[in-house]
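Here come two complexes built around chain A, the first alongside chain B, the second alongside chain C.
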Partner chain A sequence: MNVIECKEITKSYGRVKALDNLCCTIEENKITGLIGRNGAGKTTLLKIIAGHLRQTSGEVKVFSLEPFNNLTVSANIIFLHDQVNLPTALTLKEILQTTGSFYPNWNHELANRLFNYFSFHPFQYYHGLSKGMKSTFNMILGLSARCPLTLFDEPTTGMDAAVRKDFYRALLKDYIEHPRTIILSSHYLDEIEDLLEEILVLKEGKQLLHMPVAELQDWAMTVQGKAPVVKEWTNDKQIIYSKKVGDDQMLTVVKNDFSAKERQLSREVGIELSPVTTSDLCVYLTSKSTGGIDDVFGQHDDDGGH
Partner chain B sequence: MVLNLDGSKPIYVQLAEWLENEILNGHFDSGQKIYSQYQLAEIFNINPATAAKGLNILAEENVLYKKRGLGMFVSDEAKSIILTKRRTQTLTGLVEELAAEARRLDVSKEELIEMIKGAMTGGTEE
Partner chain C sequence: MSLASMTMTEVIKKQYIYKLQAYIQVFFSLLFLQLIAVLFSLSGVATMGTSGGMVDMEIRYYSADLVVVFTMLWGFISAVLITTRAYRNDDFLFVTNRFTSNLSNMLFLLTASLIGAITAILSFYLLSIVVNLFGSDYFINNTPVLKDPVEVLLGMFSAFLYILLFCMLGYLAGTLVQVHKSFVVLLPAAFLGSLFLDLADGRAGVFAEVFKFYHSEHSILLFTVKVMVTAGVLFLVSAGLSNRLEVRS
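Then we have the complex of A and B:
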């Protein structure tokens, strides 16, 4: 079953299109990673799903309903991001109690245990917390609510490495016990990819790719070796990224459709085929040119002469 | 035991190899129930769907078999299947790499064979 269905949604802010005819679906009880560069439209998409924003055009269905201004959708979603508006007059403990009263699946015991584990003080105020502590508190709200649809936008902002690790583990453990639909946007794909089942990559407001993470892990291949040989090997393939290494070597990332025979042959002609990590691949896929930052400096190199 | 999460191999492949090692070590005998996808997810901090994919690879190779509603079990032929596969695939690949590196370093065939002999008898110093 699809929990979220987006059909050709566009969201314009003035002349800029944050989302541009985006189509995507999210299936029930899966953890999906929402990946994209800054400004790719991740937060806008989450805000529209959560019903905080209305799309300029197109159709969005969450639990088969239009999310904007919809109480049913809202009661089944928890959306955590770094600009959550929590009441400034309430202490952290009071916020936990109040939030608990909004969500039918709220687990108070889990909330309290996490609260103590991360050494929060009951009488602290949210606005007095550091950036990392705010994110940690948001995480407690997000997990304890056990909402059918849980949205985390950059949940680890400001968290130190140890807390991030704890967060990933807590998320996974609670998900195993209580499966639900979770969307996680993050810049640290290498850290979260093992938690994910699906990955949804946005580029310039459009869906670039949506597939199981396991498939993405062998979706591409790095071909490295002497430039002419690499060119010959990659000219019939879909080139994702390419750069010169030293004077005569070349590194090209292509869509992986090499046969076992080709792999064997590659060794004999002195070419090295190696897998691409998912996070590198996403950087290549979402970059605006096939040469990355090197392209910016490339022209200068050519002019300079050797 | 922690999987090598550097991305050199997909996690589900590493997981399948880890399970194969557990079977070769004798931690799981034929007919014995192996970890469920949820136990594996919990052990390695990975998505249960990824863990299921690792288990399914082994089921396709007949190392494991499914009992409806009960889980996955180690087959009678598990060990011999794993050994054959490792010999024909893994070892052959390693040998090819070894030969390529030897050529690059101008190590002669005889020298390489001597080195292998040395390594096999345990005399690995120098």
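Then we have the complex of A and C:
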């Protein structure tokens, strides 16, 4: 069953289109990673799903219902992001109780155990927490609510490495115990890769690709070797990224449709084929221009040389 | 995982309980404002003096009117406050839609008005005690609560209606500002502008008419109907306007 169905949704802020005819579906009980560069439309998409924003055009269905102004959708979604505004008059303990009173699946015992594990003080106030502590507290809310659809928008902002690890582990454990649909947007793809089942990559408000992580892992291949040979080899392939290495070497990332024979042949002509890590691949795929930051500086150096 | 469904009344009840707890600051400011108002009232609302021969007499009238007026302003400001982004967005972390959010705000404002009205009228007794102890040689109390409880209750009730009216005005003003930022400037400009124009023309303008419409109503029943209808209309307009508002942070 599809929990989320988006059909050609567009969301414009003035003249800028944050989402541009986006179509996507998210299946039930899967952990999906929402990946994209800054400004790719990740947060906007999550906000539309949560019913905070209304799409300019298109159709969104969450649990087969329109999410905007829908009480049933709201009761089954928890959406945590780094700009969450929690009531300033309530202590952390009171916030836990209040959140618990709203969400029917809320597990207070889990909330308390996490609360103690991350050594929060019951009488602290949310606005007095550091950035990482705020994120940690949001995570406690998100996990303990056990909503059928849990949305985390950059949940690890400000967390240190140890807490991030704990978070991923807690998420996975609780997910195994209570399977539910979780969407996670994050910049640290290499960290969450093992956690994800599906990956949804956005670029400039459009869906770039949506596939199981396992498939993405060997979706592309790096071809490295002497420039002319590499060029010849990648001539008929879909080139994702290409850069010069040193004077005569070249590195090109292409879509992986090499046959076993080609692989064998590559060694003979002195070309190295190697898999691309998913996080590198996502960086290449979502880059806005050809070439990289090196070219910005490279241009300058060339001019100086002449 | 099966879907949880919640009825609207259930959600509104939960939101109401949550708001009483989370908006507690509103009541702190009420306490503070009413104390200031009592302080201002200590000099009396009217003074009459006469002297002849050996006798020098000064009569001062005390009333809690100023406290009620302050509480009305408090109602207006509190209502504006709870429409602001920080307060409105709080709801959206929990279970809500725009309609239940508005309704629970309405319930909260009703409660706030009631508490404001009761404390405002009771503040007269605080005033009496202070005046009696420190400010007066001879004190005549003409509104003992036990002698005429109905009078006091009626006073509370009409104070409640006035405060509620201002709450709803504030709620609409706050909502308008949320709909479009330009109302921050437009609303005060329109209000002050029309006051000045009326003043320049030397006539009783629209505000005087509005004031007369409510204030010179002698029948408590008619007054109640007038205020309730107005408050209802103001609320419906606010709820209608904010029903399409997005949550921006």
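Note that in this section the second predicted complex is superposed on the first by the 294 of 306 C-alpha atoms of A that agree within 3 Å, B and C clash if a C-alpha of one lies under 4 Å from a C-alpha of the other, contacts with A are read in each partner's own complex, and residues count from 1 in each chain.
Definition applied: contacts are C-beta pairs under 8 Å (C-beta built on N, C-alpha and C of every residue); 3 or more make two chains touch, one makes a residue touch a chain.
Keep in mind that this is a model prediction, so the values were computed, not measured.
Asker: Mind checking chain B and chain C on superposed chain A, clash or fit?
Answerer: fit
Asker: I'd like to know which partner A:Glu94 touches here: chain B for first, chain C for second, both or neither.
Answerer: In the superposed model, A:Glu94 contacts chain C only, not chain B.
Asker: With chain A's C-alpha centre as vertex, what's the angle to chain B and chain C, nearest 10 degrees?
Answerer: 150
Asker: Identify the partner contact of A:Thr150: answer first if only chain B is touched, second if only chain C is, both if each is, neither if none is.
Answerer: neither
Asker: Between chain C and chain B, which one touches more residues of chain A when both complexes sit on the common chain A?
Answerer: C
Asker: Please work out whether A:Asn105 is in contact with chain B alone, chain C alone, both, or neither, and reply first, second, both or neither.
Answerer: After superposition on chain A, A:Asn105 lies in contact with chain C alone.
Asker: Between chain B (first) and chain C (second), which does A:Asn69 come into contact with in this model arrangement: first, second, both, or neither?
Answerer: second
Asker: Report for A:Leu53: first if it touches chain B alone, second if chain C alone, otherwise both or neither.
Answerer: Touch partner of A:Leu53: chain C, not chain B.
Asker: With both complexes overlaid on chain A, does A:Ser135 touch chain B (first), chain C (second), both or neither?
Answerer: neither
Asker: Just checking: does A:Gln83 make contact with chain B only, chain C only, both, or neither of them? Give me first, second, both or neither.
Answerer: So A:Gln83 only meets chain C here.
Asker: Once the two structures sit on chain A together, report how near the CA atoms of chain B get to those of chain C, whole Å.
Answerer: Nearest C-alpha atoms of the two chains are 17 Å apart.
Asker: Across the two complexes, find the residues of chain A that touch chain B and also touch chain C.
Answerer: The overlap between the chain B and chain C interfaces on chain A is empty, containing no residue.
Asker: Any idea which chain A residues touch chain C in the complex?
Answerer: Counting only chain A, the residues touching chain C are 29, 47, 50-54, 63, 69-72, 74-76, 78-79, 81, 83-90, 94, 98-99, 101-105, 141, 148, 178-180.
Asker: Touching chain B in the complex: which residues of chain A?
Answerer: Spelled out, the residues of chain A in touch with chain B are 30-31, 168-169, 172-173, 176, 190, 194-197, 212-214, 217-218, 264, 267, 274-280.
Asker: Contact residues on chain B for chain A in the complex?
Answerer: Checking each residue of chain B against chain A gives 5-12, 38, 41-42, 44-50, 53, 96-97, 100.
Asker: Can you list the residues on chain C that touch chain A in the complex?
Answerer: The touching residues are 1-6, 8, 11, 14, 17-18, 21-25, 85-86, 89-90, 92-100, 243-244, 246-247, 249.
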